[in-house]
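What follows is subunit A paired twice: with subunit B in the first complex and subunit C in the second.
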Partner chain A sequence: MMSFNRRRLKNSLILIFVSLALNTFAMYFGTPLYRIQIWSGWILLTLILLLFLYSVRKKINLLPIGKASSWLQFHAYAGLLSSLVFLKHTSFQLPTGTFETLLAILFASTALSGIIGMIFSRIIPLHLTRRGEEVIYERIPAFSYKLKVQAQDLVLECTLQTNSTALADYYQNHLSGFFQKPYMPLFHLYGSMGYLHTLEIKHNTFCRYLNEQENQYAKQLFELIRKKYDLDFHYTLQSLLKTWLFIHVPLTYALLLAMTVHLMLIYAFLGHLQ
Partner chain B sequence: MKIQLQKFIHKYSSYSRPNQSWSCGKQAQGYQCDAGPDAQGQCRTQYECTPYKKDARWICTRNNSQGGRCTEGPLANGDCCKQVVSCQPIRSIRGKRKLLVKWTVFTTFAVLIFFLSSHLRAEFFSPGDLSFKHAKIQECSTCHAVFDTSSFEWIKQALSGNFLIHNSNKCLDCHQFGEHAHDAHGLKADELKQLTPNKVKPEKSDKKQLACLNCHLEHHGENTDLTNVAKQNCAYCHDIEKSMTQNKHPEFTQYPFKQNTKIIFDHFTHSKKYYYNRAGDQLLETAPESCLSCHKSDDSGINMGQQSYDNDCKACHNEIFEESESFIVFDIPELAFEASELNAQWPEDARGTLTHFMILLLASDPLFTEAVTDLEDYFDLSELNKTNTLKLIKSIKNLYFEIDNKGPIALKQRLIKAFNCQFNDQGQSSCSINETELDQLVSLMPIQLLCEAKTRWFPKLDEEYKAESSHYCANNNHNSESDTGEWILEELSIEYRPTKHNNPLIKTLLNLSSRELSSALTEKTRLELFNELISEDASVQCSKCHSVESVDAKNFKVNWPASDKSSTQKEFIKFRHDAHIKYQDESICNDCHQENSKDGYLDSYEDHDPLTFESNFITDNKACLSCHQNSMTETQCQTCHNYHISPPLL
Partner chain C sequence: MITKDEYWDPQMSSELIRHILMFQLFDSMIKDELPDYSSSADIFKINTEDLENTLDFDLSDRLEDPKLPDNNPLIEIICKHTRIVKFKKGDIIIREGYYGNSAFFIASGKVAAILPPGLINQQPEQLPVKKMSLFESLKKLWNPPLYPEQRNIIEKNQALVSFNAQRVHLDNHASVLKKNEYNELSSGEIFGVIAALGRTPRTSTVIAKTYCELLEIRWQGLRDLRQLNEAFRKSIDSLYKKNSLLAHLYTLPLFSSLSRSAIQLIAEDTSFKRYGSFEWQADYKENLENNTLSLQKSETLIIAEGDKLQSLYLVRSGFARVSYNYNNGYQVIKYLGRGDCFGLETIAYNWKNNSNLHLQTSLHALGYADILQVPSYIVERMVLPGMKEAEINKHLNSDLLQQFAKQAKDSPVKELSLNDAVLDFMSDYHFINGSSTMLIDTDRCTRCDDCVTACASGHNNNPRFNRHGYRYDHFMVANACMHCSDPVCMIDCPTGAIQRNPLEGQIIISDSMCIGCSSCANACPYENIRMVQARDSKGLPIHDNETRQAVLKATKCNLCIDQLGGPACERACPHDALKRVDIQDLPQMINWMNR
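Up next, the complex of A and B:
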């Protein structure tokens, strides 16, 4: 199996080679008489359709049309290539018309969201494996709920066993919100442990006033707090992995529609090359 | 205490369907059912399990993740005993994304349809502002015929397979480049091939038409220079890729041009002999101080023409006209027989000859042609016998009689016949002479003097012709229209003396006699006339300054203007003299026009071949390259070359 670095090097070299080949082709055969705009436009359209096919491939699991991971590799590098072709297509200039500006913004946003998504998918999993338990994103709300129930059960048991409501009051006043929903997402975006430390200091300060039996329960409660904090971290980062697609995918469809109209306008008002 | 939240053992792990649009509403509480919601997002679960029957017993099938088999077991009818409250399914992540995609597609589609069908479509779909040269165009349909139609027509047009050329035809409504507008350089292929031999890549030599849009793309803002065309466009047909790669101009193979100047003017004889002596002392008050004293750029800034004869030459050369000698146009030829021998009325002391102009006038008379047909030497009248002499006398008398009766019309009719010409109502000619020239020549003839000469030389002519006195001359006072020369009636001849430059009679005679005539008799005569007019013995030798070019073996062209380029005419190569000399010292002319040490300037005109030329100056391409070579990357082809070599007419 090819190592990640080797694969990246190979694909990058292919990308550079194809870019240079296309540029050479454009210089010697495509540039005269504004053929470059037409040809680069068609190359761009082909690339975008190929990029779009990736989402189709993901929906078709039965047909033997290559591994999804291979398609993803192609999607990533073809996306970068399409950005270069796009720059050539616009002659490295900003468009001047309203519709063409809109089209350019659509392409740029789609490409940029794709690049950001690619960066997320490279960086975030590394952070996720380093901290906490690996959990499925869709199950996080259930696990969060489970932790909340465990915490509440623990506090109730403590109250019953120690005849003291100190821990229960502490939970009610300071922790019920924390267990209720994902907490402090901005801290988790930066991977910060700051809020956990704050909770820990507050918890330790509170524990000084508890008896030994209550302290046992308090220790267990803090383990649940730590678990919940890690779970929130996973939820925040995995949300990032999911949400960039909320920009990339809808924009792709809008881009395809706008491109179709652009193509129609070009051939209606400019015509075919001789 | 180690807390593990997720168990991947199938018995304890619930069945998730993240690829479906809906999720169980109780998922967040960890009570997610196995069946899950349906595709419409409806909960379809009523019981915790669906029991199965084994050996007449109903067995609970509740999943281990939900607690395993229940203690109560199924009811007797096989229903699960644990009825569940239906949930309100929630959209999964994918479901939310799908919904967003649907709304995005719908919104985009709606926006596009709205603008395609609304009156705002011009503003919305316009690719940008027009260049300032087209800024006055308000309606898109001025250039795009399809614009005013519906969006469906746009789609049809897009699918129609029309070429760029089709859409460029609208440009020609305003920009007229002739019937070959879409051919390369706007020229017919054959014409282009003649003008640019071996300049085009062989595979492109028979190419195809070009659309305006191939080079000029609009809608890129008001400051766009539509004439700024990439070098690559030229390279499509012209073999300049190598030069482009090396950042060099292709070799100059036909520069400087080897074509003589229209006006014969030996710069260095004038400057070193007449204007200044070898010591540099000025000999003439009117001597020019620099090149720019005589040469000024025209309106286009391209041509550096001379100013005029009056400005540049008259001061020294007007004595040619002031002291010119007259030459005989009409004469009474000396005959081999005395008039008494012939028994004909003829001036006794006639000692003249048949002038060339008279021969042209007489050539249409059959009597004249009969009389001179057998002459071996060119109009040696001493060879004529009596009969032919009488015919000649008769034909000359016919000429004077006709002039007396019809006036200038007689001359015109005779010349038309002599030149074997016919003119239609539009003034188009069947020969090399045009009617305007002929009318001008006739208008310059001294009809009054000819009538007077007829009376003096042939006093009994009317009696001979038994004519009534309805003469033209008696009823008209016809004077020559020209003030640039004078007609003189001598005893037995009529002479003409040009007194000023730009003499229309001499010019017209030279122009008429420079072209081949179909009749052998007149052809020889017109050639003799032409040679006489350009010879050193001529009364005024126009050809001393105005060069004569041989168009072919029998046709010539006298170069009257100093340049035959008009200020609007475009050639393949353009050189803006004004741009190069502006803000420069006057000596900059010498950078490109250096003195040619070789003599032979005047000699190069003798064969009348315009391509045999030894210029006063030498020029090499280093003069261009010294400035332009290093900036080839910035310099476009059209800096020095024109694509459209005929001027666009708006």
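Up next, the complex of A and C:
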């Protein structure tokens, strides 16, 4: 079984080889200038269509057309190659016209969102594994609701058992919002425990004024706070893993559309050069 | 409603009853039922009318009546679990290495059970599972079901495995029988019991030597008969022990240099013992709930570290784990499955050095283990002298249990490797049972659920697994059918809907045979079988016409057995985070974990 490092090395070498081969090809056949643009344009279009095929593969699961992981490897490295071809296609210059600028922005943002997505895909799972329980994204709202009910039951029980509304008041004033629904605060993106620490200090300060019986309930309440904090962490990171595709995929469709228009415009006005 | 046609095979006639009554193995039971008849020969002479009168039911009525006879358990078993099958001279009845769910009583004719090394390589390969064609796959892709678990309830014959498709004829059977040693079995004898009762592959190929009529009885029938009649149970158990012992000894590489008569001599002194419970899943669930899934609390000790080794231990079926005491616990070194042996290196060491080394490791049954114990003096006299020096040294050096245990004891703060820890985890949770366990690397899994979607697209729009399960570090054993080596889910299935693919060993459920009783779902120790409500083309739950109850079906992963390309979940994972692994192939699994 090939290790990930070895696979990375193999694919990178293939990428370098193909890039050099294409460059040599362009230099050999590429004079005059417009030919480079035509050749690189067609190669770019082919590459982008091949990249697009990955999303088609993901929808076809019943046919024996290769593992999705192999397709993704191809998608990632062909994406990098297309960026190099794109730079060659634009002759390493910034676009000047409005449409060309739009096209370049679409390409750059599609490629960038792809790279960011790939980085997310490699980093976020490591954090998800190491914090809290493994939860299925769609079930997070249900788990959050369960925690809310548990917290409410706990403070009600405390009120009944201790004849004191202190913990219930504390919950109502400081925690009811926190338990209300799953949240996606940005600090979870970098794994910050700061807010939990703030809650802990506040909680400990409050606990100084409780009797022993109330303190037992307060301890259990803080366990629920910790669980909710971890649940929000999972919610934030899993949301990120799911939503970046909502940027990458629409951008791809927009790029394909703009490329089609670009191609039509090129061939409409290429006559005198031919 | 269950109809007569949905039984395994409803063929039942007075002739069939006569066949059953003539079997010697049934005699004791028959005597209980029919005290007037003293021997099977007498019974065979009776006519149908007498038989019906005696058994107090009308055969023709029974054929018309869809309900099972409830007044006679023997007849009920016959109706539900037996059929008459006829084979031509030269037909292969069962094939070595294939999985089987039934045993055969010989009603007439003769069969030849080929003795090891057997015919396995000479048999034509035949895939009994129907896979979807490319066109069917495209059709399914184009026209997916609108609702989950939508099915056409009237559709018949949905079984994935066709039993009749397995029939193979050997044209050169005469020369095959000439070239191979075999045991001839004739009328009144039974074969196929080991695979049927032991949930293991067939140990021998059996060929029809003449035209023969056999009563095929599913393992559920054998199970019920064993419960019904003590004499039958004893008889079948002793047959199982005798046959499985011999069959196992014949196939062991350790005894490959010995003659058949020498092996038979060894068999005479070999004892057969079962450790643990054959239906271990109940204890497993209880231990799981009580969080006592650790070795010392829940497992049956076979032999302890420090004991004097007096036998060679051979695992006939089930699992056992080898461990040594480590601080106040046990460290697992390896686990043993069918065909493995324990203690050979110690016996060889003592024999070679004329010493008296005691065991350095313990052996525990994991769930259950059928163990054959060959006395060590037999191994010293008959096996070791015939082995080459290099081979003995290999045993002494390759399996360094003693040194390993010693090293570990010398270093009380030994660093546990991934290998050690995974072994502990896999055996604690009994995952070693899995031959296609779904392992997910949560460090690479992006929780995209492409695996779940792929599974659903191939299985009635409803995934057959949960992306959830026990975790060791960043490896999760997901709630997906593991296609166990010891599939306890099959034990209580009343209709035989859950069965093993004879060739590749996958455990599959025939939708049309499933009556939704939940026995398999309750029996599965890993909770990998789910009961679902069948729906019609409008997405409405289907109800039984008679009982008005919703129709339930047992569902689980079938490893995409009917699809091109293998398990869709594994193929759909874009990040190489999911793999179906055979846990018994530890090096391959560790390799995958350490990529």
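Just so we're on the same page, the second predicted complex is superposed on the first by the 264 of 274 C-alpha atoms of A that agree within 3 Å, B and C clash if a C-alpha of one lies under 4 Å from a C-alpha of the other, contacts with A are read in each partner's own complex, and residues count from 1 in each chain.
Quick note on the criterion: contacts are C-beta pairs under 8 Å (C-beta built on N, C-alpha and C of every residue); 3 or more make two chains touch, one makes a residue touch a chain.
None of the values given here were measured: they were computed from a predicted structure.
Undergrad: Mind working out whether A:Leu257 is in touch with subunit B, subunit C, both or neither, as first, second, both or neither?
TA: first
Undergrad: Check the residue A:Leu63 against both partner chains and state whether it touches subunit B (first), subunit C (second), both, or neither.
TA: second
Undergrad: On the A-aligned overlay, A:Leu126 touches which partner chain: subunit B = first, subunit C = second, or both, or neither?
TA: So A:Leu126 only meets subunit C here.
Undergrad: Please indicate which partner A:Tyr209 is in contact with in the superposed arrangement: first for subunit B, second for subunit C, both, or neither.
TA: Once the two structures are laid over each other on A, A:Tyr209 reaches no partner at all.
Undergrad: In the overlay, answer first, second, both or neither for which of subunit B and subunit C A:Lys242 touches.
TA: both
Undergrad: Figure out whether A:Trp42 sits in contact with subunit B (first) or subunit C (second), or with both, or with neither.
TA: neither
Undergrad: In this superposed model, does subunit C or subunit B come into contact with more residues of subunit A?
TA: Higher number of touched subunit A residues: B.
Undergrad: With both complexes overlaid on chain A, does A:Phe269 touch subunit B (first), subunit C (second), both or neither?
TA: In the superposed model, A:Phe269 contacts subunit B only, not subunit C.
Undergrad: After superposition on the shared chain, which partner residues are touched by A:Tyr137: those of subunit B (first), subunit C (second), both, or neither?
TA: The answer is both, since A:Tyr137 touches subunit B and subunit C.
Undergrad: What is the shared patch of subunit A, the residues that subunit B and subunit C both contact?
TA: 134, 136-137, 242
Undergrad: Going by the contact rule set out above, which residues of subunit A touch subunit C in the complex?
TA: Residues of subunit A touching subunit C: 1-4, 58, 60-69, 71-72, 120-122, 124-126, 128-129, 134, 136-137, 238, 241-242.
Undergrad: Can you tell me which positions in subunit A touch subunit B when the two form their complex?
TA: Subunit A reaches subunit B through residues 27-28, 31-34, 95-100, 133-139, 141-147, 150, 220, 223-224, 227, 231, 242, 245-246, 249-251, 253-254, 257-258, 261, 263-274.
Undergrad: Hey, which residues of subunit C end up touching subunit A in the complex?
TA: 132, 134, 137-138, 140-141, 442-450, 453-454, 457-458, 467-468, 471, 474, 476, 563-566, 568, 570-577, 588, 591-592, 594-595
Undergrad: Subunit A touches which residues of subunit B in the complex?
TA: Against subunit A, subunit B makes touches at 1, 3-6, 14, 16, 18, 23, 27-30, 32, 92-93, 96-97, 100-101, 103-105, 107-109, 112, 115-116, 123-129, 144, 146-147, 154-155, 157-159, 161-167, 208-211, 213-215, 217, 219-221, 230, 232-233, 235-236, 241.
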